[in-house]
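The same subunit A turns up in both complexes below, where it pairs with subunit B and then with subunit C.
Let's turn to the complex of A and B:
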């Protein structure tokens, strides 16, 4: 274990609007971290800075010692909050694509996850339900042997049974060498899998604490604590 | 296995109590090897570091012991297990009696009811 992510005075503005306001934090490998906050608080913007999709920020962002760029892209596995593949593709096509793009993509692992999720590798994407598509995305993202996993709302449109499977998949892939950051608003279902949580309000990082520390100090679950804070 | 964790106390402490119960009732037999941190974390659907912390606490309290590289085992200390069982039973009875008194039952009535129930 060691520091894998170091953020100092990170600020991002869109015109006059400050979306991320002077955020500083440091996260270690071997941790599963929850990124919590209401819609529009800056969670997705933060994820996009980390992935290198947003470049015009101020402050310092270091991932495994490097600024977002070619190297960090190679070690970050990112699940965006929107689907990004075309309807005529099938899971097997996506596997080909990922195999070509990412040297750390473990096809066998992805195929096993597909079986576990009851998905057909030959079914066209456009005939899949939203939940099925989300499961496929999770399989693709988690089958990479990355150092950092950024999952933006991985449980969005998913039924409770599939939710359990996805959480199980995340736990099954736990590695002491990797950092997993999960943004979600379904706190109740996932709080037991977090080491710590980050809470963002209007671009400010207002909480960065261990889950059990919050429970011990406040006598509340993370969900109740969250409701109180916001 | 999906466990419902109570809202207001640390998850690792709740895991400690759940696993203690497994040892006391023999689901985890004396001297038996317990599963790896990873497997237990999956089983209880919790963070592996939280599970690690719970296992370390059980070790500290003497319910588990570690063999250098081979993993963790359930204690062979029957006395500790027996004492813990008694402790749990007493806690149940104290709770039960308090609830019954709140319902307005006298000590004798409670005993009568228990004897009837046990038949």
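Let's turn to the complex of A and C:
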């Protein structure tokens, strides 16, 4: 398990507002990492920097030894916190697109996930609910055999009944040697799958620890520990 | 990957554009069919609708392409676009290439539609005669080529400046302008470029002289207009055209093109 992600002195400002303040960390492959923090603390901004959606930052970001660019985009499977579909598209169109651009996309896997989620591959996006679109997006992202999965609020718009199904889908489908970073507010639902957690407050990384270490030191669950920290 | 992006872009835009052209063709055929009947009012309305639609399609295509650029690059769809394993340059070039293609097709569809109406209505010969009368029996080939090139370049530069306006409004510094930002930036850029063009035309000593038949007579390294000539409103048979402005404005468009690419590579933030 080598270092897959190296971040050094990462700072991002919007005008005078510092959203990420001098963040440094390194993450290994084969881990599931929870990215936790209150609204507006910089979680999504950090994800956007890693995916290359934000480019005007200072500091160093290396993913598999490379700065965010064409190569890193080919190994990162990213689930944003919003839906990126055009209304007149169908799931099958999205499969075609992913198959065309990502060599690691497994169409069969995506189709199976669609069946699991009870989604019709020919249904137009504009007739799908937000939750259905989120499930489709998860199927697309998890059907890639990527080295890094960045999942921003994967359970955000999902009803409580389907959350377990989503979590199982994530756990069943990610490549074992991959690094999975999950940003979430719903710590209680997800904490059992984390190997380590990163906690961000006002752009500063305040906790970067193994889950076992937190439990042993504090004797608390991750959610309780989170409440204590914030 | 560039080829795949161009293919994708064509696939995404073809449906709308082809529907517009089919609509235009149906209107044209209906108008043509009705012209053989005695229902002159209906024919008139259809001919008007046909020409109107052709002109609207010609004008609106560029605008639609700019809106599509903004939507696919900087709205929530940008989350997908910008995470595809391609470079920002490839994204930009594929989009501007396909947009330019449709812009050209729509423009010529509009021109051909107007010509078709002139031909069918019998006004074609009159129209041609009028042009012949203005510029001589054989229109200068050089001038026609220049005219077509000027149209193509202006269709392209429209896309360059609208894409630039959309891009700059998605950098940290300009994101605060909101959804009206691209329009404001586009208008501002156009105004500044027009001023630069006028300054270049008047103050750069590069002049083409054309005669009344619009044939190029000579080229000179001199100012096109003398203040005394302008004040006296003196007109010569050889009309001077200051080309410094044209050169300067195209140089500015090249700069805008390069600057947009730089912004896409280094400065853009997806909301």
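By our rule, the second predicted complex is superposed on the first by the 228 of 230 C-alpha atoms of A that agree within 3 Å, B and C clash if a C-alpha of one lies under 4 Å from a C-alpha of the other, contacts with A are read in each partner's own complex, and residues count from 1 in each chain.
Just so we're on the same page, a contact is a pair of C-beta atoms (placed from the backbone, for glycine too) under 8 Å apart; a residue touches a chain by one contact, two chains touch by 3 or more.
Keep in mind it's a predicted model, so treat the numbers as computed, not measured.
Contacts of A:211 after superposition: subunit B is touched, whereas subunit C is not reached. Contacts of A:220 after superposition: subunit B is touched, whereas subunit C is not reached. After overlaying the two complexes on the shared chain, residue contacts for A:73 are found with subunit C alone; subunit B is out of touch.
When the shared chain is aligned, subunit B comes close enough to touch A:31, but subunit C does not.
Contacts of A:171 after superposition on the shared chain: subunit B is touched, whereas subunit C is not. In the superposed pair of complexes, A:47 makes contact with neither subunit B nor subunit C. With both structures placed on the common chain, the touch criterion links A:200 to neither subunit B nor subunit C. Once chain A of one complex is fitted onto chain A of the other, the partner contacts of A:102 are limited to subunit C, with no touch recorded for subunit B. Put simply, subunit A uses no single residue to touch subunit B in one complex and subunit C in the other. Interface of subunit A with subunit B (complex): residues 30-32, 164, 167-168, 171-172, 174, 192-195, 211-213, 215-216, 219-221, 224.
Those residues of subunit B that touch subunit A in the shared complex are 2, 5, 7-13, 38, 41-42, 44-50, 53.
Taken together, the subunit A residues at the contact with subunit C in this complex read 13-15, 48, 51-56, 69-71, 73-74, 76, 78, 80, 82-86, 97, 100-102.
For subunit C in complex with subunit A, the residues that touch the partner chain are 1, 4, 8, 12, 76-80, 82-87, 171-173, 175, 265-270.
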